[in-house]
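Below, each structure is written out as structure tokens.
Here chain A shows up in two complexes: once beside chain B, once beside chain C.
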Partner chain A sequence: MTRLPAFLGALRRDMPWPLLAAPLLFFAAFFAFPLAVVLVASVTAADGGGLTLAHYARVLLDAYHWDILWLTLRIAFVTTAIAMMLGYPLAYYLVRVVEARWLRRACVVLLVIPLFTSNIVRSFGWMVLLGRVGIVNETLQGAGLIERPIRFLGSETGIVIGLVYILLPFVVLTTGNAIAAIDRRLEEAASDLGAGPAQRFRTIVWPLSLPGLLSGAVIVFTLAVSAYVTPALLSSGRVTVFSMLIYQQYASVFDFHYGGALSVVLLVATLLLLWAAAAIDPTRRRT
Partner chain B sequence: MIARVALGGLAWLTLAYLAFPLVVILGASLTTTEFLAFPPRGLTLAWYGRVVADPSYVGAFWTSTWLAALAAASAVLLGLPASLAIARHDFPGKAALAALLMSPLLLPHIVLGAALLQYCVHVGIARTPLALLVGHTVIVAPFVIRAVLPLLTAEQRALEEASMDLGAGPFQTFCRVTLPLVRSGVVSGALFAFISSWINVELSMFGTTASMTTVPVKLLNHVQYQVDPLIAAVSGITILAAAAAIVAIDVVFGLDLLAERK
Partner chain C sequence: MKTRTTIAAVAAVMAATFAGHAPAQERAITVAWYGGNWGDAFKACVADPFTRATGIRVNAEIGTSTVTLGKLNAQKAAPSIDAAWMDGGISEVAHENGVVEHLDPARLKNLGNVEPAAVYAAGGVNFAVSTGYYAVGIVYNKSKVKAAPESWNDLWKPEFRDAVTLPSPSNSAGVPLFLFLHKMWGHPPGDLAPTVARYKALNAGLYFDASGAASNAFQTGEMIVGAHFKAAAWDLIDKNLPLGFVVPKEGVWATDARLHLVKGSPKRAMAEAFIDQAMTRESAACLAEKLYLGPAVTGVVVDARTAAKLPWGEKGSVKDLKLSDWAEVNALRPRIVDVWNREIARK
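This part shows the complex of A and B:
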């Protein structure tokens, strides 16, 4: 207990209050406090009574919610995996293979334009493409690959196609950045010592670019788990992901207590998975 | 050799995948038909004319723009001092504070939007411009901090101390030394903040009303009921604006992000 006065003294003496007062107050008032309100609502009874875990019981004891949570996580995992598989080769290609500076710049512009466009607009493009009479189906039918149109809209596949599209640039940019920072002399040295291209890639480029790939994957995963717009537009109301449940409660049902419990569950699930990802991060041990 | 061709093929297919939906939207916005068609049948700019003549869309463009501008400005006003405090001072709980200020990047925006709605109902400012603005400021402030913090290095600190030793006051030092050195971070952070605010849906949809709505939210509401070339034209405008902004950034800053560092 004797440390508390010392701590308070340090707070008064060492805190750069003139710099911190405004940001701290603002974030307390409009970030920490609203989240606390959600947390409190999620553990209080709807009639204003005392503490209750009834809302959490309603969320966690219902198999329907587990199905949706599992579906949401599955979509996020598949999206992340595909984005990594497409993003890595593209990043490598842009950094190491493309020689012309103007071409690489043009490709970066192309990568960044989607990031500067609302995900409504980007999902809307896929609604047009993936519809029953959209180009994708017409092309596949015209080529004789399928007989009847495939239903992309309203399926997990459609949502994954849209999410990969929206989140892919993050993987390419983080991975490309890591590859661009690799010192070529390491590979030259390996080459002098007799390592072939495959071995050079496996022992030098891959391990050094892995942190970039993983940080991109974490961004993709967190955004995919909580995505609302893309699933809402590409599901045609047939597939429900977790964020849609939350939106329903806040925007049409107005049950802030039950909605609060849903929000906290999504928040905790996301943070747990990020924590797990950081714990098993293979790049951490080596450094 | 085969590996190289396969890599190139995969890379170009992926780039095509990234470009295709945008091309489709721009193409579909030029159709003369009343329904969406790609490739467009006939070419016309009539749908763009309809957007410009529709006061509700023009209003939404204004709302989005002033909201994004104010949010970016507020983000700089909060993020710059916070970055200075984190980079220049040692105080208890510094790591926790930095984590708090950066966490809006990590938390689901839909949860944050719901939280702000509920909170603003309590405070009595729900669905007002102020509620929208504070929410946007919270989610875009981390972009400014992330852009400014790496520029506040030890060498720069030495320059500031030199300035003070030579008799400049703290304010003069800030304006003459600190600010010019972090200007590029402030500009790029503010730019990212502006754009992230402009395109936000997941937070805005809890804060807009029929008379005060942003372009993305208006598009969301429209698309869920009806899909027509008007939507393609509105989307087309935002795509062209984004492309213009990026080309401008490329010219000013040089967007050769993926160039190898020598």
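This part shows the complex of A and C:
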């Protein structure tokens, strides 16, 4: 009972309020307030007739929305899994194998440069590569590996390829940082005690780098679930993900109430999954 | 102490600078228009001559029609936009939402220059004026399509499987073109199922949201035939791409870009003067040359090369266009988007 007032007292005394004011105001104005507007719209009737849960009923009682939610999550899961599988070895290679510091820096710059380009431009690039008459299909056909072009655009595969490309740097950067922070003396000590390279990796590097890999995975998953531009362009209008449904309601149909309910459902579903992931996080026991 | 003196001096200079500029800042209006070459054309054809004639600066607020409508709805109490371009369809919604002001013929001397049908009125309120028409017809790749398509039905030929494109409902032409074809096929009003079945049988390679995606697909040869905006098609043809534009025998679907006076604008007189400028023959001719917009202003003369690219062609007029009944389109829009998502935009 005494802890709460003590905590509040500490808040009053020690919090650098003048320093916090700017970020708090920014957060309130550009995140909390717009989110509140969406929340309010999702529980109010279109004709101004007070509070209602009708928009949520419309979303949740319709199997179609569950199908689209599952498809969206499936794309995000697969994207995250592939980004982790590609990102970990790449991060390890950059931190542990590349010896020259300038080369390592150059590699990191190469990795980060695409982030400075708009998603739209990068997605258009993939449209050129993955198209029916794109470089990938023409190369495969030229090599005699396929007879008819493979449909990448307008499929889940195309969306996953685009998202992995765009989101991979996040896994490499977080994992790379975690690997770089590992104290090399731990591995030297293990080596002195007779551990081979595989055992050193399994017992030291892997567990200590796992938090970095997992935080990268969380970033990739949340960005993939909410991605709009890449799926919209690479789906060719033949696959619908949840963010596209939300966009349509706000930009084409102007039903902000139904659109708001769709937004909140996606937000809650994502938060529940992240909460579940945190609950089974294998790195938690050690911290 | 020295630092304080410096700060005070800088503050004084800044105050003097801003105070000196204050009267000039008041002589400015904010106009919402589209991005890309459309925005550039509105600036060159309307805003620049307006500023030269009146000394009033024009600040651009760039966004699509729907984004502009969103801003106007949000700023209802204190608008920062004085005049706004929005497309047909969205224009009607803006009027229903009460964010646009009556265009008063007594205050707009050039309103008489415009075709009567291009001044949009409801309940005695002129809520919008057209600044030019544009059309959606059929674009095809001349090197890959042997016989030029003649009808909208030609898009359903089996040889175009996976290489034909139509606009999605997220594109401004998606829903109205769906209804245009629905009527063309003589399907019963209100029963969308037969048209949905036709769309599903199309095997489209691309339902485009942004017209840039369609241009890109035609440019790379990814799509070889489909519906596209005539002006965008001419941009590609002018770059010597092997593309052709066809007016199908059933006609092209068309709409217009409209200018609106924002309700509650504190700079109403200046915004009206801007709209007056847009309704001059010079501005309309300039928009026809830059965007191939069919003029809503009467008596506009353009050269033969531009005339061929107008939505109604060299010898036609606005009467040749199949314009949408926007009340009907907007009423059916939620249903069409919903059925599209469930039936068409799913593999």
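Following the convention adopted for this analysis, the second predicted complex is superposed on the first by the 257 of 287 C-alpha atoms of A that agree within 3 Å, B and C clash if a C-alpha of one lies under 4 Å from a C-alpha of the other, contacts with A are read in each partner's own complex, and residues count from 1 in each chain.
As a working rule, a contact is a pair of C-beta atoms (placed from the backbone, for glycine too) under 8 Å apart; a residue touches a chain by one contact, two chains touch by 3 or more.
This one's a predicted model, so the numbers in the text were calculated from it and none came from an experiment.
Peer 1: When the two structures are laid over each other on chain A, do chain B and chain C clash or fit?
Peer 2: By the criteria stated at the top, chain C and chain B clash after superposition.
Peer 1: Where does A:A251 make contact in the superposed view: on chain B (first), on chain C (second), on both, or on neither?
Peer 2: both
Peer 1: Does chain B (first) or chain C (second) touch A:L35, or do both, or does neither?
Peer 2: A:L35: touches chain B, not chain C.
Peer 1: Is A:R238 touching anything from chain B or chain C once the two structures are fitted on A? First, second, both or neither.
Peer 2: second
Peer 1: Please work out whether A:L110 is in contact with chain B alone, chain C alone, both, or neither, and reply first, second, both or neither.
Peer 2: In the superposition, A:L110 contacts chain B only.
Peer 1: Based on the superposed arrangement, let me know which partner A:D14 touches: chain B (first), chain C (second), both, or neither?
Peer 2: first
Peer 1: Looking at the overlay, does A:L61 come into contact with chain B only (first), chain C only (second), both, or neither?
Peer 2: Once the two structures are laid over each other on A, A:L61 reaches no partner at all.
Peer 1: Given the superposition on chain A, which partner contacts more residues in chain A: chain B or chain C?
Peer 2: B
Peer 1: Figure out whether A:R132 sits in contact with chain B (first) or chain C (second), or with both, or with neither.
Peer 2: The answer is second: A:R132 touches chain C but not chain B.
Peer 1: Mind working out whether A:R151 is in touch with chain B, chain C, both or neither, as first, second, both or neither?
Peer 2: second
Peer 1: After the overlay on chain A, which stretch of chain B ends up in the same space as chain C: 129-137, 219-227 or 237-245?
Peer 2: 219-227
Peer 1: In the superposed view, which residues of chain A touch chain B and also chain C?
Peer 2: Dual-contact residues (chain A): 124, 127-128, 232-233, 247, 250-251.
Peer 1: Can you tell me which positions in chain A touch chain B when the two form their complex?
Peer 2: The touching residues are 7, 10-11, 14-16, 18-20, 22-24, 26-27, 29-35, 37-38, 41, 86-87, 89-97, 101, 104-105, 107-114, 116-122, 124-129, 135, 165, 168-169, 173, 176-177, 179-182, 184, 222, 225-226, 228-229, 232-233, 243, 246-247, 249-251, 256, 259-260, 263, 266-267, 270, 274.
Peer 1: Considering only the defined contacts, which chain B positions touch chain A in the complex?
Peer 2: 4, 7-8, 10-11, 14-15, 17-22, 24-25, 28, 36, 38, 77-79, 81-82, 84-85, 88-92, 97, 100-101, 103-104, 106-120, 122, 134-135, 137-138, 141, 195, 198-202, 205-206, 215-216, 219-220, 223-224, 227, 231-232, 235, 238-239, 242-243, 245-247, 250, 254-261
Peer 1: Quick check: in the complex, which residue numbers of chain A touch chain C?
Peer 2: 64, 124, 127-128, 131-134, 151, 153-155, 232-233, 235-240, 244-245, 247-248, 250-255
Peer 1: Using the touch rule from the top, collect the residues of chain C that touch chain A in their complex.
Peer 2: It comes out as residues 64, 66-67, 69-70, 93, 162-163, 168-170, 174-175, 204-209, 213, 216-217, 220-222, 333-334, 337, 341-342, 345-347.
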